[in-house]
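Below are structures written as structure tokens.
Look for subunit A in each of the two complexes below; its partner is subunit B in the first and subunit C in the second.
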Partner chain A sequence: MSARTRQPASVSAAGLAPGVRVTRSRRSAIWSGLGAIAVIAVLAYLPYRVYSGTTSLLVNFFILLILASMWNLLAGYTGLVSVGQQAFFGFGSYFVLIGALHGVDPFVGLPIAVVGCAALGLVVWWLLSRLRSGYFAIATWVVASVCYLIIIRYPSLGGGTGEFMPGLPNINIKYLDAYIYWTTLAVTAITLVCVYLVLRSRLGLELTAVRDDETGARSVGVRVGRAQLLVFVIAAAGCGAAGALEVISAPYLQPGPAFSVQWSAEMIFAVLIGGIGTIEGPIIGTIVFFALQQWLAHYGTWYFIVLGLIAISVAIWAPRGIWGLISDRLKLFPVGYWLWPAGQRLGPPEAAVAGEDAEQVT
Partner chain B sequence: MPDSSVPALLELDSVSKSFGRVVVAEGLSLTVGEADFVGMVGPNGAGKTSLFGLIAGDISPDAGSIRLGGAQVNRLSSAARCRVGIGRTYQVPRPFGGMTVYENVLVAAQQGGRLRRRASYAFAAEALEVAGLAAEANRPAGTLGLLQRKRLEMARALATRPKLLLLDEVAGGLTDPEVAQLVQIVTSIRAGGVAIIWIEHVVRALTGSVDRLLCLAGGRFVADGGPADVLANPTVREVFLGTEVSTSLPGQSAGGQPDQEQA
Partner chain C sequence: MIWVNDIVQGVLLGGLYALFACGLSLMFGVMKVINLAHGDLAVVAAYLAAGLVTVLHMPTALSILVSIPLFAIIGYVLWRTVLQASLNRSVLTTLLVTFGMSIVIENALQQFFSANSRSLSIGALATDHFNVGSQITVGYLDLAILIAAVVVLLGLQLFLSRTRQGRLIRAVADDREAAQLAGADYRHIFGIAAAIAFGTVAVAGTAYGVYTTFDPTTGTTQLLLLFAFEAVVIGGLGSLWGTLVGGILLGVVQDIGAQISTADLLLAGQLFFLLVLVIRPQGITGSRRTA
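Moving on to the complex of A and B:
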């Protein structure tokens, strides 16, 4: 370094020095990719093997997984703590219902609901973008309540009591359940792939910087407002997809449950338990949430007490969530960058890794 | 150089800012040319960091204008100012702790430096090299010690491809050999044609390197000139009386010390 006399700032950004390479992870991501495909394949095969009660449960699991992944993008990466995502969830359901009442197949209504909720997200962002932290959180809740109040004024949509959604294919209920399950699985897989691709892109690097230090991110030129707008619209679209899937899987739509803050509570719980600010966290958190629900569903009030105690314990002793406890060793979805000095080959770089780990005693 | 027909790199014209009754800038005017190397000293609370905030866009002025290359930047956000060529470091480093050192610099090259993907890879690696951090490229930035964090601040600011670099107390809390290493980095950045304004309490770090020294006190410049003249100025000596001690940041000895250059 001391021998450096050439002009660093005017360096032509032509290319890396000979032998120096940049890859997207230290280890090859191929095993994670194959593993993900295997999991999806097994899940896709399930309707041939299990009763529809199990697939219905998994549909609910996938819906919460989509919601949790979206909330994680919002709060975990851009610091937008929303407790009003049920606005988009509810409207996702109602867009499908409105379509179905006008003769649109609910499965066709799903992508329409996604686009509609993205547009709604733009409008809501325009209203809320100047608010921060607690004010933003409360305002999102207010928006969700306003959405509820708007919907109940329309008797054609069932008003306050609800409406049955027509238009699902008139086939054997067993096949219908399987179709709904496969649709939900596909939408979930697409959502997670989108989250992964977003975080792997240039925007993803910006979002990760904002997650770690918003002021620092601004100071290196990250346009935080623009990143927040994009993520807010993505999250609105994703929650809309979840809402559309909800009404398809349970076609009697009531405004109260559709716009319930319970949805936000569940997605926040799943993200915080699993590990905020990681792709894997919401997946782990949703699994834990559903496991608890299955175990404790018969115990009534105790169920909520246990959930509360777990949330408090994780917040105190494992603030980075369950995934945070293991993520230093393992990354399932590599979204970072790895700089290889000249002469080092891709593969297990024992010396470098050992040296690095030795220094990381914290 | 005010008499030149080409607009100076940075021009402050009667910039004022106060927070309630606390005045941090009182009609400050300053011209910095391309590739100038300016040091800034002043007692605690003189308004040095606030002046950086005004230039970099973290603080908006109550009055006055700030121009970069002749274009008014008053209304630009801090991110936008970074993208037009104002890079800065923070007194207390702000690493993106969950990202690796290389990713920290890469995001700066892609955003502030506005480089496309391939070009940003090379430029970020180059910036790490200049700051002496190449060996730490893949380490999580949150595990760095103080000296390395200061280096990272500089590497990141450099990666935004600034025309003007604002350095805020990069030598604070470091030992003499460490300060010498940082001075060398700053000098090599400067050799690349970047104009630098450098706030420093460790005055000996400035005197050997800068061409011009400013002294700020109570939101006003009390001296401006060659480093030796300014330090000999009676007003400056009075302002500094009893405060010209290099401060030591608490907790500097924690972590990252044994693995410096030689390791």
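Moving on to the complex of A and C:
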């Protein structure tokens, strides 16, 4: 763990052979960062150029991207397989609805829902923290079912049939759609930046250690329980944000779809196909998901069956997903450390991309 | 006396849950694999029974003579092809793969059979009942399902304790490497256990189809998997009779919850399960060691 020294650019790592250097943030990261900013700028400009049908589709895309990133953080880095994240997704929607029924602007309700879901995440973690693997998976599902059963007891929230959310600004639908789109884009960007920063932080290092070997991580002093708690709460908050965005973009809220296990299926499929345990995987997986959905749109739910079969095959025969197949060559958002042999000058990015002269430690 | 009747109804309902839980319990006990597609496979079994009744004009009760062996074959093949490969990766992979299977099955059923709900008819038996005293009503169908659960559990118990294959299954479950050294092919043995588990799913699915209506999403919306798992955990892992006790306890708690208000039937069961999970994760009959 000598690489824990926290200096930004490069440090001569204590405990290594003299002259050996450890660096982070390859110059390629700067280019990826600039590229990401460019992509966000282009996406932000879209409402001026395209019909709102396209931006609505992108809103759904971003919501799934947030969910997939959160599930990936949870399962990919802590090994906690949850099939009950729809509990937080649904409650994210319902927190916004409850606020709106009491006169709180839905856009203000969004951050409230995020905080509320983080608190709910704390409670759920307290209940489930002792459980592992299959027990944990099914218990999260049970929690989601309990959330649903509690919500339908309240007729004021529409009971089992659903409720229309009031309070969206009374403006031209074109502007409203654009505002919703920009909000979703902003939340997505914040989520991805958060995931990146978390994984680059000490917590991220601990998580990566836990992902690779939980017992080994424990033995070198990683507080596994604390790391898992933090990630579970972050994932709960993120899924809550996604739920809040969902109800804002489609303001008729029904408890059945909101707490449906279908959401878990979508995020799991996207992450598995894209590549679990990487930041880039969920992005690629979500793109594949939507591409297939659009392509097979005329054949009912066949796209979902195909996605499921691909996800199953990937999980068994290519567990690193699509991104795993390309990432040996390229890393967009590096969170690891590079070990440079003595006397090696820091070369230009392209010289080191192949990772032949520097050993990468992720 | 009305409370006695509630408990009797709960016990009868618990028979259905226990029947569902048999296969899950067996696969969990032997392979340490939780089959998240369990509930949806039961729905497939119900559709298969409906198909056999319509196409071959079989009585519903006899259709299981065809569907059990068919499901056993499916179970064996599925284990040897997909499930063993995912278990070789990790236990987490088996969760992801069986969850994916569950969703794929559900959507495929929807594509082929539409979202309409169906039921299996079994004639007068579905509604006939007899009375014990003045307050207690026992439906023949409910009683038949409970008896089926007991028969399946008893059969499993005898199979595991008395037959050569059963002993092999227990040996592989206890210590895979040692059994392997003694010449047992664990993949084949696991396949047989999966075949048996799938066979019980065929019985459970048919019983469910007779008991109430079903549609392609019943597996997840009616929480079949969750009830089965809850019966296994409440009863205590690795004990087949514990599974029966767990199913019955779940049924009784649900029925008592339903007395508070009908909407609380499910909520009472789920909260009871979470309570057991937090307070006594090894289950009612389990020892500390298995937790």
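Simple rule for what comes next: the second predicted complex is superposed on the first by the 310 of 362 C-alpha atoms of A that agree within 3 Å, B and C clash if a C-alpha of one lies under 4 Å from a C-alpha of the other, contacts with A are read in each partner's own complex, and residues count from 1 in each chain.
We take it that a residue touches a chain if its C-beta (ideal position, glycine included) is under 8 Å from a C-beta of that chain, and two chains touch if they have at least 3 such contacts.
Predicted model, so just to flag it, every value in this text is computed and none were measured.
Undergrad: Just to be sure I read the superposition right, which of the two partners does A:Ile305 touch: subunit B = first, subunit C = second, or both, or neither?
TA: second
Undergrad: Of the partners subunit B and subunit C, which touch A:Ile30 in the superposed model: first, second, both, neither?
TA: neither
Undergrad: Quick check for you: in the superposed arrangement, does A:Ala209 touch first (subunit B), second (subunit C), both or neither?
TA: Only subunit B; A:Ala209 stays clear of subunit C.
Undergrad: According to the stated criteria, A:Ile173 is in contact with first (subunit B), second (subunit C), both, or neither; which is it?
TA: neither
Undergrad: Under the stated touch criterion, which partner chain does A:Arg218 make contact with: subunit B (first), subunit C (second), both, or neither?
TA: Touch partner of A:Arg218: subunit B, not subunit C.
Undergrad: Thinking of the overlay built on chain A, is A:Ala41 touched by subunit B (first), by subunit C (second), by both, or by neither?
TA: A:Ala41 contacts neither subunit B nor subunit C.
Undergrad: With both complexes superposed on chain A, which partner does A:Ser145 reach: first (subunit B), second (subunit C), both or neither?
TA: Touch partner of A:Ser145: subunit C, not subunit B.
Undergrad: Residue numbers of subunit C touching subunit A in their complex, please.
TA: 28, 33-34, 36, 82, 85-86, 89, 91-93, 95-97, 99-101, 103-104, 107-108, 110-111, 220-221, 223, 225-226, 229-230, 233, 263, 266-267, 270-271, 273-274, 277-278, 281
Undergrad: Would you tell me which residues of subunit B are touching subunit A in their complex?
TA: My answer: residues 56, 58, 77-80, 82-83, 88, 90, 94-100, 102-104, 106-108, 110-115, 117-123, 125-130, 132, 134, 137-140, 143, 156-162, 184, 188-189, 191-194, 255-256, 259, 261.
Undergrad: In the complex, go through subunit A and note every residue touching subunit B.
TA: 1-2, 4-5, 7-11, 13-17, 20, 22, 26, 202, 205-206, 208-209, 211-213, 215-224, 277, 336-339, 341, 352, 356, 359-360, 362
Undergrad: Considering only the defined contacts, which subunit A positions touch subunit C in the complex?
TA: Those in contact with subunit C are residues 75, 79, 81, 83, 127-128, 130-131, 133-135, 137-139, 141-143, 145-146, 149-150, 152-153, 256, 261-262, 264-265, 268-269, 272, 300-302, 304-305, 308-309, 311-312, 315-317, 319.
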